[in-house]
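Okay, so chain A shows up in both of these, paired with chain B first and chain C after.
Then we have the complex of A and B:
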């Protein structure tokens, strides 16, 4: 059945149609109004800002490309990018690998899967602030659980939150703990969608479990793996809260410097510090745009890598 | 042999569960003991009697329940607004061929690509001009509708709400809003539950934007208060952990209650994506 209103709308496409569909336009308008005011306008404004010198209070001063020239020579910015990539790599590889293993176990064990799923997913709904505080206390040099256990076993304590590599290791472990279960659930959804006929056919052809895994499971899961790689890339490039909370109390350094030697200074943490601690809005906007371009480029590269391998196999 | 493999599998899985849940347990252990107990060798692994003392020190140092109330107000308001605005917009997109529908929906999908940090500085400037800095408005209004929810609900409504039912309602003289309220809304409740949990958890745990815009130390959200407590009283672990425990527990309990349906819906969403 087509209502008379719709017939009318088709007859007079232009103004009458717009008028007869006013409830629909009204229904979708809140999102678009909020988007225009709080997203599109700010993003456009940040393009302008990237070419200014402004502390948010005084007059804006046009400085041309000077923010970007400074950015290219800013060793701290390059260090923050390097840290971001290293932490992303150190967290994503084990996270996705463990998630795949867990998903396969969840898929094969029949009993208690409901319980396992909840237990593995809970870390993902826990606040990053709380988790970072927890990790900070467990990896503390004095009285941290890890060092207490090490001492108990006769080993000497490790300065987890002081050394360049252990800082990254702690942050990566934290991310891995929070995201393995989430990715496992996503992979499990993919595994359950693989037709069982494929496995039966493989069995008839005499394929072992390892062969089946690499010849059927992995190729079938490829779109889902691509999805998780893209999501972890976008999330990983924006790592902020973990190092911000872990090292905000480090009095020896200035606030939000990412810990000793700035080993935990990520790109977004650097952006935050320049923009909101140093009130350098122009430079902050330039950093945000540079990070955005890096994310775009890096996501595209990862996309190509994963999907090309899909075509090859 | 087969049974043995099953036991091995469950043991491996249980090890994973222990790793997954240990931080919650250990937070509770630290929150119920004194900080000094943590220095003992071997470490104390059981709950102690100090929880009330630790909470007492927590309450003298920060306005814990005030910030929890703020977070509760923000999370509830944002969830209610998102559920309404997103589902009614999704209903329009899913079931009505209004002119420009596809273009507008395409635009909506494009907004996924804009990373939030690009907008942060100008958003803060807007809040300064609206005189909303330090107020809950700054946290609620910009979050009142979002692209993810509309996208997700549109998929859900397309499948769940039968066209015949809407046509019948139209014949009975129901306009757009009554079709939404009387036909669509009762059917899409499970979808709303998923979107509601996602939104509530996200708003409860949100940190970056509240950190920037909640500048008044006496009026914070839970996550910002917790982080500042950690910064200021870094050595009093048992007090900080008491705060962390109180901040995490309500959400963990709520999530566990709804988890079954939630995870099922999350899996469905992943397959569509």
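Then we have the complex of A and C:
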């Protein structure tokens, strides 16, 4: 064990630190080496790419800000952003609400808690591709389970994967299914960290369960809720696999179009299509950076909104 | 074995070394099979891109001269090829190129070997000319050697045609539905007799065929956008007419396509030769009910791939010998039987493997239709940006088809978006 005094002494002279702590540095190096090669370098390279025209194989041509000029006029890019926001909203709000409800139920349940926790977490570790294929079959117009059930109830079949709104609904449902359990487990951890004295005090003061929930549980959970909102924002803005797989049967006809009316074309799917299907890597990089800026802005807004309310109460 | 930290590290190290060794085999290692030339050649293709059996035979056939190392590359084939070519290490000696990527690869012709310098020009007459031109650059270098092609035809349900009072014999169907108008009129007749039986299964599908029937696409050889001109507009009008007459099925995807094929909502499938395989796989219980006829006006080509030799190829002469062996008439026929690769060499069409009657098509000799179509496909110039520039038209067709968007608005939107993409892609 290295004593704290030693650490302090070495920290002043970093060269010495490197010499005496090399095994520790070596031990953590795999992550940083992999990060440098597979994350940092591509990130920096994409900055360069955003200012080039490049087909992936030939010479790069510097085009200045032209890719970004195209971006501003590109109606499909704006549509893809709109789609992304709508899908994010349609998935995140129910996900977080349901997660909170489930976490509360898990927190109070007495039997089989371990089983429930695992059961709710399983969707999150299931392959998105497999789930998307499954959802594609469930929501199929002719042969899909949902429409069969609707048929039993006497309703006419819905073209889930054709209509602009139902496409978004299907994608949002898929995301919701996948992330509710994950968020519930996080909330559960937060719930269990709330001191029981608070609840006891509330009980003594005569508060009912609803009052306790809104006056004690929610305020105490704020930092956790903030965390889940930020994570959901970052994930939701990058929705890609779901629409890509759901509409992949169209690949031969129209690669990664995001379904009829491009209603499922998310920003990341659009970036992927421009770069890898249409061989316009420069433009793809420009889209990716634009999306990055949007996520940054949007996360900041969410942060402000949620944390301000925390202060207000 | 007890899972200790040391064992774990050891196994990681072993895996790493093994991995490096596997990659290193692209270098100087010599295979034990090397008899004459002690070299090895690598071959990249995707699952189903070549007949695995023919490839396995090629390994045996050339064992005396080289160690042929075939690899089936999964995932995004083009992306992996391009990345490897950029790395300039472990580049395959021989590689497949998919039809949709050939135009962009021709732009980078100097990264490949001109097969004409190896004597490919002497074989040109054996292959359909339009396919040969697809694999050649504007200045006549042959980059892609034809693997297979996708000549179109009209696959139709004989039983449904009969119910609808339409002709059922392939020759008669070809003759009586030789224009799009004839086909759509037959479709109107059909849907009156058999509710929910549509003569056109996909508006996008018709669009692909109509555009493929002409000699020009969206961009001309001087790199000019011509997607707003008469040839594209008239193709557009054909699709709009079909939609307006109500002879196009609703848009189905995935599972639903198979359901529609099985339950007879699709009376026809107009598409490339390989569509036959999709129908066989998807439409269970319809064996013997299908036939194939010529689609209206004339054939188009959809899909079909190439083999190419990269600039890094270690023995171009031998590699070319392997390519011609793999794709020679005899093996092309096996490729058809084994992997449904429709040969690009008309001489193959008379081989016994191809002239057999197909029980799925009620014993019809499908080659009589598709072989004839293959020879009549027009020569088209396809620019690298063609698919990107053509996409807005498809998107708008889907909008009209599924959402009833006004066709004129849709056309204007398609042209405007296509022009924007053309500008972005450097098309004037």
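Remarks
Here is the rule we go by: the second predicted complex is superposed on the first by the 293 of 313 C-alpha atoms of A that agree within 3 Å, B and C clash if a C-alpha of one lies under 4 Å from a C-alpha of the other, contacts with A are read in each partner's own complex, and residues count from 1 in each chain.
As a working rule, a contact is a pair of C-beta atoms (placed from the backbone, for glycine too) under 8 Å apart; a residue touches a chain by one contact, two chains touch by 3 or more.
Fair warning: this is a prediction, and the values are worked out from it, not measured in the lab.
Superposition model on chain A: chain B and chain C are shown in a clashing arrangement.
Number of chain A residues touched is higher for B, counting chain B against chain C.
In the superposition on chain A, A:161 contacts chain C only, with no contact to chain B.
In the superposition on chain A, contact is made by A:141 with chain C only, not with chain B. After overlaying the two complexes on the shared chain, residue contacts for A:298 are found with neither chain B nor chain C.
Once the two complexes are laid over each other on the shared chain, residue contacts for A:227 go to chain B alone; chain C is not touched.
When the shared chain is aligned, chain B and chain C each come close enough to touch A:56. Contacts of A:123 after superposition on the shared chain: chain B is touched, whereas chain C is not.
In the superposed pair of complexes, A:131 makes contact with chain B only, with no contact to chain C.
When both complexes are overlaid on chain A, the residue A:152 reaches chain B alone and has no touch with chain C. Of the two partner chains placed by the overlay, neither chain B nor chain C lies in contact with A:199.
Put simply, of the chain C stretches 55-63, 73-81 or 361-369, the part that bumps into chain B is 73-81. Within chain A, the residues touching chain B in one complex and chain C in the other are 56, 136-137, 142-143, 249, 276. Those residues of chain B that touch chain A in the complex are listed here as 6, 9-10, 12-13, 16-17, 19-21, 23-24, 26-27, 30, 35, 38-39, 41-43, 85-86, 88-89, 91-93, 96, 98-99, 104, 108, 111, 114-115, 117-126, 128, 141-142, 144-147, 150, 167-168, 170-171, 175-177, 180, 201, 204-205, 207-208, 211-212, 223, 226-227, 230-232, 234, 237, 240-241, 244, 247-248, 251-252, 255-256, 259-260, 263, 266-268, 270-271, 273.
Those residues of chain C that touch chain A in the shared complex are 76, 79, 82, 85-86, 104-105, 107-108, 111, 202, 204-205, 208, 250-260, 263, 265, 303, 384-385, 387-388, 391, 394-395, 398-399, 401-403, 417, 420-421, 423-426.
Of all residues in chain A, those touching chain B in their complex are 1, 3, 13, 17-18, 21, 23-25, 27-28, 30-32, 34-35, 37-39, 41-43, 45-46, 49, 56, 102, 105-106, 108-109, 111-112, 114, 116-123, 125-131, 133-134, 136-138, 142-143, 145, 148-149, 151-152, 177, 181, 185-186, 188-190, 192-193, 224, 227, 234, 238, 240-241, 244-245, 248-249, 268, 271-272, 275-276, 281, 284-285, 288-289, 291-292, 295. Within the complex formed with chain C, the chain A residues making contact are 53, 55-58, 70, 73-76, 136-137, 140-144, 159, 161-164, 247, 249-250, 252-255, 257, 260-262, 276-280, 283.
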